[in-house]
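The two complexes that follow have chain A in common; it is paired with chain B in the first and with chain C in the second.
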Partner chain A sequence: MSDATGLKIAARDVDVFYGDHHAIKDVSVAIADRTVTAFIGPSGCGKSTFLRCLNRMNDTIDVCRVSGTIELDGEDIYDRRVDPVQLRARVGMVFQKPNPFPKSIFDNVAYGPRIHGLTRSRGELDEVVENALRRAALWDEVKDRLSAPGTGLSGGQQQRLCIARAVATAPEVLLMDEPCSALDPIATAQIEELIDELRGNFSVVIVTHSMQQAARVSQRTAFFHLGDLVEFGETGQIFTNPQDPRTESYITGRIG
Partner chain B sequence: MNSASLLLIVFAIALAGWFLGRRRALAMAGGDARRLHSLSGHHGQAVFLFAAVPALLVMFVWLFVQPIVTEARIGDAIRANGLFRQISPSLVMSDVRRVAHGLDLMVDRGQIDEKGLAALGADGSELRARLGRVGVAVGGNVGGDVLAAARTLRRDNHRGAVGMAVAVVAVALAGLVWSLSRISVEFRARNVSENFVLTLFFGASLVAVLTTIGIVGSLLFETVHFFRIYPARDFFFSFTWSPQFRGGSDLGIWPLLWGTLYVSLVALILAVPVGLMSAIYLSEYASKPLRAVVKPLLEILAGIPTVVYGLFALMTVGPFLRDMIAEPMGLGSSSSSVMTGGLVMGIMLIPFVSSLSDDIIHAVPQGLRDGSFGLGATQSETVRQVILPAALPGIVGAILLAASRAIGETMIVVMGVGAAARMGLNPFEAMTTITVKIVSQLTGDTEFASPETLVAFALAMALFVFTLGLNVVALVVVRKYREQYE
Partner chain C sequence: MTDIAGVRPPRLLTRDARTRRRNAAEFRFRLYGRVAVCIGVAALIVLLASVVANGVGAFRQTFLTLDLSLDAAELDPSGARDVAAMKKVTTIGYGRFLTRQLKAAIAERGIRIEGITDSDIAGMISKAAPAQVRDRVLADPGLIGRTVAFRLLANGRIDGYLKGRVTMKSARLDGNVSPAQLRLSDALRKDGMLAMAFNWGFITSADASELRPEAAGLGVAILGSAYMMIIVLFLALPIGVASSIYLEEFAPTNRWTDLIEVNISNLAAVPSIVFGILGLAIFINFAGLPQSAPIVGGLVLTLMTLPTIIIATRAALKSVPPSIRDAALGVGASKMQAIMHHVVPLAMPGVLTGAIIGLAQALGETAPLLLIGMVAFVRDFPAPPPEGFLDPATALPVQVYNFTQRADPAFAERASGAIIVLMVFLLAMNLVAILLRRRFERRW
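Moving on to the complex of A and B:
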């Protein structure tokens, strides 16, 4: 792993098409390691689409075409030799809607370690699960009912379970697609706190509708508008001194 | 006047009510439909319903009750007459009914008028021949008493028909006038039509429930009848099935139940894995265009009549299995066998299982797939560990539906499995199932008094209880997983 300021993901000249629709237009972004990068912008601006390019989730959509290069640690992830399944183990993802599997809480978290053979013994697996749940600030709430179904948790707990599930797979990058949009303010605050802690080990990329959230959790912010990357820089600078008039209009609430 | 023309008259009255109601509602609002609580169409509809529905109900009840009343009166007369002591009243009654019907036909065809009818004597064979010419066969010469009774029956029927027509038209007109008088600007005709629709839907759902109760009731009745003349212990615990028409039959259910379960098991062992895997392929792997072609094809396969599958078993699969497997291995020389029928039944069930499971798997939220892919799972890992557990309740339901169909299947068994009630393990032997025996015990000489025919009802009841039990198990399984997963 590179140091705290090192480059983790470098995207250059990325274009994405959904059929005839040009969803992402010539976007280049450099995502640093151990940093939270926020993608903001109005609905339909392509920020989620771009996020899904970073772990090739768009491969599952038939009509989607991606061009340009996206490098993870200097290796092109769209290269023929890269296995998207392996890539996704390195670049984990948390979705907008909490999507726990129809399994127990333990099995949800153990899912990634099991399919990737990360642990050698049951004891080791127990440890991984406990650590992931602690990282996701969920351990104290669920430690007595690990065999209860994950779907029985509240919305905020479910989302933290999904984060624990992603963390347990030991990814290098964590992509979060509006992880708080289905949650109430208290659950949102818990998740934001969590994101800040996760920064110690991962590079986190978060898509959010809430500019306050971007300002609170991220160090770098990218503003997307109609498929263009309008502005990308330090979060403080984007919010206090935007260079592009479109960014200024968006963060002051004039467009969006 | 017959019932059809009476129906038309009621309908005409109701239709007139529709237009009158609309006009009256509009007139009351001074031509401004916005002042009405309900649309003028609703008012028309309300009048239509109040004119038609009560009248039709009266007609329905009348048609149902009248024969009971008139025949009871004539039956009393017959019983009172000493001449008929030797013969059962119900036989005489059916003769009377037939003669009355024949007389009606003769009048209809203009062979005789009412006056001639009144003069008609009971000159035996002559009347019998005349009835024969209009297509009514009477068992013996028509006696004077039967003729008299038939005349009474005709008269009563005629009076009844007139009475019914008068009553029905009166009710229709009364409904029309009453509902027209109810129309006002505030009248909530919209709610009337709402309630009517509610009643209609309720009635429709009641039909299914009442039919089920009726079926179970009649089965139960005949089953009790059967067990009164045949010991229940022999039925449930005997391992022999050999009906004798001279009496002294062995009617043990076990050979049939065994055959049913064996054939169903073979069918399900083929249909469930193949159907499920094809469903997974269709919903998870197949491209959209392929799915669009294959799925309707599968559903066509599911719509092929089972007798066609039976032919396939009889002509192709049976001989093939006999020549290629059973005879070389010395397992039997019959082309009808459990294997033949089971395999063909399995083929029949494949589209059934796969189409249902495909729908269920398709309904699993995309979020679960994304979540699994996002953790670096492959497609088959996702299917096995996420999609199938999520779809399990529905899949269990699909499998149990398929099992019910396998248990109830008859044609394929007749043509592919055979008719020999036997308990054996060799799947290349002919056996038979409950359904086939129900059919064979009831077809042919049916007199519902011997245990040999009544056993069909006991078998049907057993089948019913068995499939009901299967459904209960399905329900419990589904509920258990629901609680766990949703």
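Moving on to the complex of A and C:
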């Protein structure tokens, strides 16, 4: 559900510390519903860190501290009453490194629907799995070996398997951390197509190092630099008419 | 720097000095490795060969086959076939009866040995044989009045003669056996009355006293060890695995958990006899559990095995890549689901290895059991579990120790035989572990 302004996630004054290291500095971002938001910036600027705040994956890192508020549909996800497990079922994630379970391809995709009880019969589950694999552009390659181990796939296939796994759970928001870094141009195009399609129902946040990709798939772009959110706005505007000199030098290839 | 290429022109077909040195070093290292492996294997083979060579004898035993006409007047004086009344005839009575029958059988076959006395003839059969006959008759009074073939244990020295341990020369110096008896053995052997057969009694019967090594068996020790392994398996494995999972995955890192961690590592290094003292103080003196009971032994061995299992399990859990946990959490699994569905199955082979190492250690442990009284001489079999856990029993390694403490040379053979049984147990456990590990690993 989104409110009248179409706001899905509102992050305000977020600071993240890894021990003494100040990784995210007072960042405020509004992520709209049914849009694709791209995070760009040089390596180590905190894109992954910020992305992991949005579904509280940072909770698993002992030294990590988050302050500020992040609201999903108007509810603070860092509120004490929130169970992060419930949150993560709604805000799914694809990680920077492909991390399939050492189980069969089928079980990888079926895991989310199974633990959340999304399907009532085996037939329904088969359907969900096939659908997810098709959307992740993997179905044709694996349809004959669904019981083969997911870890036996190539790096790019593994990444698409992870995307299928995330999609199968039907999250409202999908966080993707460089989902195409291990993919060839064909698979990349398919994933971009998927992202575009997902936009019909979900919001997608994607971290990418490819300017072209950000320009192609996203409607809004955030540029991070050394933990600061330098600039955030319409993708077209960021790429054609950046307001900050740092943004300009990054997208023209002078820093990063 | 830049003139290296000039000094040493690149040639692939001739090896330069640096490559030769490197290859020589690698060759030497491989050689050391092979030598080390050979020494290890040779030591193992020598050890196994000596144990087997010394111990196989225990699995064969000399028996005397004798047709006994179970005379009613002698074995059931009241004539009522009443077991209570028949019990009045003691093993001494049966002993005299047996001697007479054996003497008659010898005479009947026309065997004559010079200088043989009645006590020589009585000494041919084991001191355990009268009880053997008596038990069978009391169990089935209907046998009385009939002629029944009995396979009686031969005396340990006669058994030793057939196995080559006792010779004519040693018999002359030995107060327990005479050359006449050995000549009688030869004659009976030719006749077929005296022969060797597989010794089931070694595996199934209880220990026997110093005077009758031929009757000593491992039955009580095997049961005792098995009971203790059951206790250790059902206590140490769940406790160890549960506490490892908690410590590794859930516990916060603070001073307390650090302290617990250090203590567990230290506990693994504590000499096992200390656990025996602990068991004596806590389980026997404080909790009032019976001495020599498998329950106490099992508890002590559980304490001893826990650190091993915990350390192995935690290492196995640590080796599961964190990305798997992230993956599960990322699709909305709870921490518990992530651990139970993904982390523990992946760690399972390591957990099993740890559990088997721990169990094997416990199976072979002697020192703590000595302190809690499991070294006692136990003739009666413990009852089936669970009551049997409280009955006195011994354990295999303790039985080995016990056998080696006895003077009669026939016990040396039995000690090695007991070691063989112990090793078969260990082998079986390792086999189970390997099979289980395969089952868990094969899937991926």
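Some observations on this one:
Methods note: the second predicted complex is superposed on the first by the 253 of 256 C-alpha atoms of A that agree within 3 Å, B and C clash if a C-alpha of one lies under 4 Å from a C-alpha of the other, contacts with A are read in each partner's own complex, and residues count from 1 in each chain.
Please note the rule applied: a contact is a pair of C-beta atoms (placed from the backbone, for glycine too) under 8 Å apart; a residue touches a chain by one contact, two chains touch by 3 or more.
The structure presented is a predicted model; accordingly, all values stated were derived computationally and were not measured.
For the composite obtained by superposing both complexes on chain A, the positions of chain B and chain C are in clash. Once the two complexes are overlaid on the shared chain, A:Tyr111 sits against chain B and chain C alike. Of the two partner chains placed by superposition, A:Gly233 touches none, neither chain B nor chain C. Once chain A of one complex is fitted onto chain A of the other, the partner contacts of A:Thr151 extend to both chain B and chain C. Judged by the touch definition given at the top, the superposed model places A:Lys97 against both chain B and chain C. In the superposed pair of complexes, A:Gly68 makes contact with neither chain B nor chain C. After overlaying the two complexes on the shared chain, residue contacts for A:Pro42 are found with neither chain B nor chain C.
When the two structures are aligned on the shared chain, A:Arg165 is found in touch with chain B and with chain C.
Of 22-30, 148-156, 202-210 or 220-228, the segment of chain B running into chain C after the two structures are fitted on chain A is 202-210. Residues 55, 57, 60, 62, 85-86, 88-90, 92-95, 97, 99-103, 111-112, 115-116, 149, 151, 162, 165-166, 169 of chain A lie at the contact with chain B in one complex and at the contact with chain C in the other. Touching chain C in their complex are the following residues of chain A: 55, 57, 60, 62, 85-86, 88-90, 92-95, 97, 99-103, 111-112, 115-116, 149, 151, 162, 165-166, 169.
If you check the complex, the residues on chain A that touch chain B are 55, 57, 60, 62, 85-90, 92-95, 97, 99-103, 111-112, 115-116, 149, 151, 162, 165-166, 169, 175.
If you check the complex, the residues on chain B that touch chain A are 287-288, 365, 367-378, 381, 385-386, 389-390, 484-486. Looking at the complex, you find that chain C touches chain A at residues 253, 321, 323-335, 337, 341-342, 346, 443-444.
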